[in-house]
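Same chain, two partners: subunit A is paired with subunit B first, then with subunit C.
On to the complex of A and B.
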């Protein structure tokens, strides 16, 4: 019996699909893979032209970027402090607000909801200009409190809308059962609602932290020598150290490592957050 | 009885307001107040380089915009940049999602690779492309193009290729977003609609146009809305890759407002430009939102 022509055709089609897919994967991953490769080269090797794919790898750039003359550890710490503070404050403000939007009778709910949505659409340049003048006047330029205040402008509206979509998914019966047990509203929120939306809070934390870590416009203009997040440090590196590109690659990869780890580890949650946001019409970046 | 329910109602409303108030107060203080200040400034001359000229000027800054060639140029670039990046993201993202849906195994690998550009800081993406990819006599793409015999191209140094480059950079970073959202949307479609179509002998193109496309239209519209908003206020990747240059070849309105304020130190005119960008963003988003509700009816 000869091979079934249908099976052969399907197999050919699958091979074609896989080849096409593989090409696209490589193209898309290439800039990142290339950065990894460059970061493992010595400064003389990196300038070899045409660029060589096979060479003796060195970790020298990573050592330099961590503890050497090009250390980014200080900026790294700064980014961590800003992102953590932004995330904590955002969650504290956003979760109760989202609960009220999603579950409670609230006078003027539509108006307030629309207002929150509009605040999310303000182009950052429209805020960085007045903030520069305001923070300059009150002496908050290049301070942590100034930076975190400004970061709330993009994290809070986004977090409220993301949390609303998770709050809406909880069955109403759960709260009603709590009220029958004579729980007050705050107890119901704390003991019944919050455990139900743990997943949603986790997704929100990831997004807010990520956006705060990657922010550049506010950071470059409202920060300074004292408060300089990694994004600004990377930008300055290229302006100052023109061609130390292997070191740049290593430093940038270290700066982005937390994001890459979060991205891969929480890939499912991020996609869910993107699509939840996509369905409900929220989201930034 | 009636009064008891009324009290309960009151209590719920009071509690709701208590829950919402802190967030709304923070939003008013951190977004609305600076925005009002921006608007106020846009009616003033605030030039840190010429402080003796400062004062109320009414609509002068807005009137100046109409005669400002750089403003119209940046507006035109904003339109090109937004339309082309959103269109590219949508077409490539949808094509990729349809392709990956056909693959029986290994979809997870695509999801992992797709997440990587999304989690990178746009400023780092801009720097990577400016140096590792496009730098003359160093970048991989520069090398590849030369090896293919096209000669040396100064990618970020000539106006047209710089504009193409920043569009490619944005598209590289954000197509995965469209891809992931559309893939999730495709994956959630009920398989039986395809079965029915297959029985009707509808071919692949017809199935796509008449079944798949209408079903994933909501996801497509949302991708267009979200990506347009982001493209309109794109900053870091362009700033890192070209700084708006060469000259003003890649200076979209966002970067022009920035340069006017922070390089020319003309905060009054810069504020007016930012207000213009804000208005454009609001108009574009309301048009898109209206289209969304009109279509879904």
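On to the complex of A and C.
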């Protein structure tokens, strides 16, 4: 029986696709896989050359990173408080702002929108010193409110613009129908718009939380001994005398954990959220 | 709802979008319980007028009253108006029951009463078996019914319909048209209906306003706009196919088309000798003597026939009451009764009337 050339071609293409995906995945995941391996070794094992594939795994590093002398638990909590506060406040402000940009007739709306976005174009490193000076002047260095306020200046413009695109996707008529049904603006936003941008809110929450959690540059400059996020705290394993690679790896993996959990939980929402509006009529959100 | 509510009046309504004048002074009086159509091609201002009535578009100038109360700048919610949108605008995240119940919830109807009212409204449009579904799980016709149910669930003072049938297939459109009429007579609520389909307006409306370029060019019953069009634009829009409009002249007391006397001109108050003669396709017939014409195309409609013929360089449509076999290019003669003609002034485009007392030959 002669093979169908179309099926053969498609099969070849599929094989190529899988090989390419596998290569990319390995490159992408290598640092994480390496960190997992390192975190399970003893500090001496880490430095063995050539690196050994077979060794006796130990959870010692995790115990040390959590409850040992360099415990990151406190920083972990700090990061969690900062990220959560940033995310909650961002959504609280960004949703009404995005609604206003998407729907209200405001004088200078385009200009305001543009300058909201412009703040994203300034290289962060140029802002570190000004922010430091400002926080220092008002006594907010090494405080939660200082850190969260600075984080909001990055997350808000981003979140507003992300939410605007989701809100603009909702037909105006749907809201007009609500107005005719005697809903006021707030009720229309609450009952009609918000339930339909749930996916968008989920995506925004994840991005904002992720950015706040990963933030290092500002955290290291504006934090201190009281407010020290986990990204900064991890540097305790790196010192002039030595670098505790295994403990650093364990700490890094622990720090990744919340993001991985949120990522998996919200995966469906993200994919849905990112593809909404790709097709006319878009389907249900 | 008591008898005399739902009287709508628009006076000098103007609306601009940037430099585009969407409405150039709309005057309208709509009576209680009337089924009133706003008819016109797209971009003529009919939908904008409906949106002004709904309160979704504040006018730049003019006033609107309902039952004598000025509501020109009242919010949509204050007007007690129900509207069915062309896209239906159903809330996709709610079930049908929640969709239909939404206006009641916003109106603070006691929670316990809502399910009963929702069911009653759904029964009226025969979707009570679908109440737990979401709009995305329904066919277009069912969605349309849901939009209707949401509109009739409370007792609105005005019922607005924006091209409600345009997203339905032809068969369903005819059925729904009848149903709308039935619903209207059952509800006794003033209904304003926007459509670009003149046949729809003719069959469903008590009266209609015909729009063109942001103005109303005629208001009247289907009978009036069909049998006595005020101007060439109405004549060329109403009827399927619409009226034939041919260049003609008045001379020696007669109306001449292609230098042939076709009617007596006595009594027509025309200012110039050049006029436009209007004649409906169904009022033309084939005869052994009459206007010479050449057959360009014939369409067999089953029980009747539509001919496209050429008369002195003009395309003329003829509707024959029976099917006949004619050859393309065949030379024909067209005849009609003089009483069926309409005359228009080609510059003002307005109808030329006969002086009183001279209606018949």
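Details
Everything that follows uses one rule, which is that the second predicted complex is superposed on the first by the 236 of 285 C-alpha atoms of A that agree within 3 Å, B and C clash if a C-alpha of one lies under 4 Å from a C-alpha of the other, contacts with A are read in each partner's own complex, and residues count from 1 in each chain.
Keep this in mind: a contact is a pair of C-beta atoms (placed from the backbone, for glycine too) under 8 Å apart; a residue touches a chain by one contact, two chains touch by 3 or more.
Just so you know, these numbers come straight off a predicted model, no measurement behind them.
Using the contact criterion defined above for the overlaid structures, shared-chain residue A:15 touches neither subunit B nor subunit C, since it reaches no partner.
For subunit A, the partner with contacts to more residues, out of subunit B and subunit C, is B. Touch criterion not met for A:265: it reaches neither subunit B nor subunit C. In the superposition on chain A, contact of A:195 is made with subunit C only, not with subunit B. In the superposition on chain A, contact of A:63 is made with neither subunit B nor subunit C.
Contacts of A:176 after superposition: subunit C is touched, whereas subunit B is not reached.
By the document's definition of touching, neither partner reaches A:257: not subunit B, not subunit C. According to the touch criterion, the shared surface of subunit A, contacted by subunit B in one complex and subunit C in the other, consists of residues 283-285. The residues of subunit A lying in touch with subunit C in their complex are 171, 173-174, 176-184, 187, 191-192, 195-196, 283-285. Against subunit A, in their complex, subunit C makes its touches with residues 54-56, 75-77, 81-83, 85, 87, 89-93, 102-103, 106-107, 134, 136, 150. Across the complex, subunit B meets subunit A through its residues 9, 11-13, 15-17, 19-20, 22-24, 26-27, 30-32, 34-35, 37-38, 41, 46, 96, 99-100, 102-104, 106, 109-125, 127-133, 135, 137-138, 140, 143, 147, 172, 176-177, 180-181, 184-185, 218-219, 222-223, 225-226, 229-230, 232-233, 235-236, 239-240, 254, 257-258, 261-262, 267, 270-271, 274-275, 277-278, 281-282, 285, 289.
Of all residues in subunit A, those touching subunit B in their complex are 14, 17-18, 20-21, 24-25, 28-32, 34-35, 38, 47, 49-51, 93-94, 96-97, 99-101, 104-107, 112, 115-116, 118-119, 121-134, 149-150, 152-153, 156-157, 160, 185-186, 189, 210, 213-217, 221, 230-231, 234-235, 238, 245, 248-249, 252, 255-256, 259-260, 262-264, 267, 270-271, 274-275, 277-279, 281, 283-285.
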